[in-house]
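Note that subunit A is present in both complexes that follow, paired respectively with subunit B and with subunit C.
So, the complex of A and B:
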């Protein structure tokens, strides 16, 4: 058997084999070909969606505006995680920790150093980028289950570090940091919730555009090639070490920025808001939204934000049981996530219209 | 021709003249290469050269070490002793991803396509080592990224036409029949503009008609793109039909090297295929 290199994906269970939860989903991953240039119909559709997003905060009550803002924050984190897990095939159970690090850096900059909120998110993202890149280095030697376990270590350690006495002057220890609500600038005739919504919205649009650019071109192809067929990817001249660590870095940047935004939106950070469960929630978000899709990040974010609330309303005593059942139903009926479902419905409709 | 003595074999080897003739430095030199896996010798001091412009066939029964040799060329397996040189440079300490940029392309025995991608995108990945736009260039869609993408798309378009895959360009590669998938692998290797192309059993699993197409295509690749080809193949009439030179391996050792006609008649080759008599 010395003759054969293991090349077929059934022989080499790399990438997604790590979690039983999402193992079977792997076969379902069909990377949606990102069009090189958007067609006119798609351009109109996206413009309409962008405008709708701008108008929405002026039509809804403040509570819903706040909820939607939080959903967008999650969507940014999910976009980052999806690059890593969905597109590049590396598992991370540690993104909750990166989210926490982003949130704390922004909160400390605002609280202890009087940075304005809009400036504090970038150092947070940058710190996570560097941290993620260096975490990606040992991750090169680990695959599947082992990488999941290593990143799990990150998730369980971080909340404890945040509580530690030596950092208490900055982190506020157990009680965390309370922040103030950003003011509306330039005397705009809108309320604070609407302003934060628009602020997060703008950042989300820019980050999604960057993700789209990155994933449709040379680098995105290399990420997917490594996920699909690592041996062939290297034989095509792809330096998989550099691509994988850099993807980890970019992914961490997105999640760190999202964490920083969450601190601004919620106006509060505490160690217990970023426990291990957050990492799992983020993975659930990309699975439900759709692996290796951009739009899936938005669907996934709405799911992880709204469904626990909805489950809590249905049953006060066992909300997580309801959440669990819903999760199983979604995975069973939509193995490619909401993005996959919507794509299929779209194809059906356009086929009907063509007749 | 049966009954050749060893001296005759040596003489024939020495008189062998490569297809393009003349005194040429070899493109690829396999020099006393030895590989073993946990005590099992997979390659035992194998040496041969491949000269620019030739089609060299590598034959041998199952387990002879053909694919092992290919995997040494791709740096998937470590070479224990000996050396492999490409244009005079030693390959055996290079990184796996450094091989393609040198100008060595390959296909795989058991298809190693990027299953979730379309045919076009698979072939575009082949152009990875001929493009250099970075994360930043791509994220902000800087001019270099856009320019590269346009050029690459044109080249891939030409390749799709050459391989008669135009109609399938946007189809997910996993939806194609086996024969077409093999052609996509060929396209992916060609997109890297290699000087040397390693084909690992390109004919395996093809039907009669596809075989004829393949033979023509391999020869056309040599003529049109000026690519040297090293070919592992079990299909004897294909190897013998298109190769300028054939190297035969058995149990990790080279047993014959020379023109197809010579190797075909070589007693050791006949013995290796038909068993000891």
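So, the complex of A and C:
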């Protein structure tokens, strides 16, 4: 039965037709359902990418290794947000807050309670999971712009709470917490930046694998069904309340883990680095990367990390104007994000090959 | 008691400002169903135009009306050039476009006009009426202007053919087109009016907050909260919501939790209200057909 759930947007409207490469597409959020099993070509491609990711830190300078590490951290957060916004259709302007909570819990555990860095990530993620689940409960009653406002409240409140005097012993108030750089274990012959890269890389792979398994199966399809046809989904016996709140929880877990990792990577947390703008940036990341795609999280992470710098090099006087123009152009020419563009290019190439 | 009155009055005063921008947000929401996150920045930019005009020696009210006209034209132009190509895309893509617009306008403003704070004149005399120490003439005048705008909007939507056409487009674009309403221009008109109202609220905020490219950031959040609280589809409700936010913010800030957390608490109150009434205090509950 479940396989029969085909909604308007799970089938790309022009997948049969002329296949325009760029240009506006009339659709809701476009989704190509994840295959139940990976084909052999896809498996080989992914294995090659994974190996490439493993070799990369040994070919690049430390600064670029650090940048890539940060991109992977963002990618994990975007994966979480994409589950919620892309797959489940609940808009959140508040994921910056969850990122902050994850970062602070990890930092406090390391700083005040001497936890090792690798252990502090999981309580941070779990706390966010529980918090996200309970935030998802009131969110059930709200939709669209009203949900956006409620999550916005979360984003605006969190930095202020973090600055508050009553928590200053732990959070360090305005000045935040400075952490030390993790040491390379087991006497491995690599430097600290390379070690952090590999550490984050391993966690990212595991989390992406879990996300893939979650999204391609029954639960993932239920999430998409709720997004596209809430009433029909309920009628088919999907418990929409449980799916929605759990999605909020899992999404918060990913973002919380990413926040904790960011604290380890940057070795610094402060309330002002988690302002409202971070939530917006994360939303921009999934839009540019591609809604309801897994690979889109990686493209989006690279975009939000690199493009502001790039815009700054193009124009010293108004870098953000360039950024804004780029953003609008990307949405106009690639409403399905980079993931959609790459998929279409791929289809085009394989068709050419077939002829 | 005196202190409480003081807080109440300054709450009403800042509420008036939020109400102004909330009205602009409702304007666009009513005609298109979207929340324009760049509304505050557009208002800020218009206020800079007014400042330049006054700097060249234009009398205040002359600059005021020229700016409103500029904002109207700019709003129409933005709708036709930037927003129009996106009208078929999902809401979330449009939100990203609004964010893009926000950073463009903000960045351009600080590029053209510089980043130093500028003082902006108030059209109202500095000496308070009746010797009261609760409320200044500027605050009183701002509230008056906002109320006038609400009244004009009410009359416009209720009693003019154009207003009726705009409401029809918001309700049902297809049928409106069939009866000969130019739907595209109605949407552009909605943007123009919203930008014009926004520019007024910008000019009313500037004497209080000083003119600066980040002037409207906080104001937008409060106005958004006010508009959502009052109901996005109801101008009266949105304006009232703006006032409620202003009062909540001041009274809670002074008596309950201190100024640091006042906005947070105001927001939490709003979310609480929304849980009880998911489409705002005065909004219509839309029943969708399955």
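Observations on the model:
We adopt the following convention: the second predicted complex is superposed on the first by the 328 of 355 C-alpha atoms of A that agree within 3 Å, B and C clash if a C-alpha of one lies under 4 Å from a C-alpha of the other, contacts with A are read in each partner's own complex, and residues count from 1 in each chain.
Everything below uses one rule, namely that a residue touches a chain if its C-beta (ideal position, glycine included) is under 8 Å from a C-beta of that chain, and two chains touch if they have at least 3 such contacts.
Fair warning: this is a prediction, and the values are worked out from it, not measured in the lab.
Look at A:314: by the touch rule set out above, it reaches neither subunit B nor subunit C.
Contacts of A:306 after superposition on the shared chain: neither subunit B nor subunit C is touched. Using the contact criterion defined above for the overlaid structures, shared-chain residue A:284 touches subunit C, although it does not reach subunit B. When both complexes are overlaid on chain A, the residue A:348 reaches neither subunit B nor subunit C.
Within the superposed three-chain model, A:44 lies out of touch with both subunit B and subunit C [touch as defined at top]. Of the two partner chains placed by the overlay, only subunit B lies in contact with A:224; subunit C stays clear of it. When the shared chain is aligned, subunit B comes close enough to touch A:239, but subunit C does not.
When the shared chain is aligned, no partner comes close enough to touch A:52: not subunit B, not subunit C. Residues 29, 231 of subunit A are contacted both by subunit B in one complex and by subunit C in the other. Listed in rising order, the residues of subunit B touching subunit A in the complex are 37, 40, 42, 62-63, 65-68, 71, 74, 76, 95-101, 106, 108-118, 121, 124-126, 128-129, 131, 133-135, 138-141, 145, 148-149, 152-153, 170, 172, 188, 192. Taken together, the subunit A residues at the contact with subunit B in this complex read 2-5, 7-9, 29-31, 33, 36, 210, 213-214, 217-222, 224-225, 228-229, 231-240, 246, 250, 292.
For subunit C in complex with subunit A, the residues that touch the partner chain are 35, 82, 85-86, 88-93, 95-97, 99-104, 106-108, 110-111, 221, 224-225, 228, 232, 260-261, 263-264, 267-268, 270-271, 274-275, 278-280, 290. For subunit A in complex with subunit C, the touching residues are 24-29, 85, 91, 138, 141-146, 148-150, 152-153, 156-157, 160-161, 163-164, 231, 276, 280, 283-284, 287-288, 291, 317-321, 323-328, 331-332, 335.
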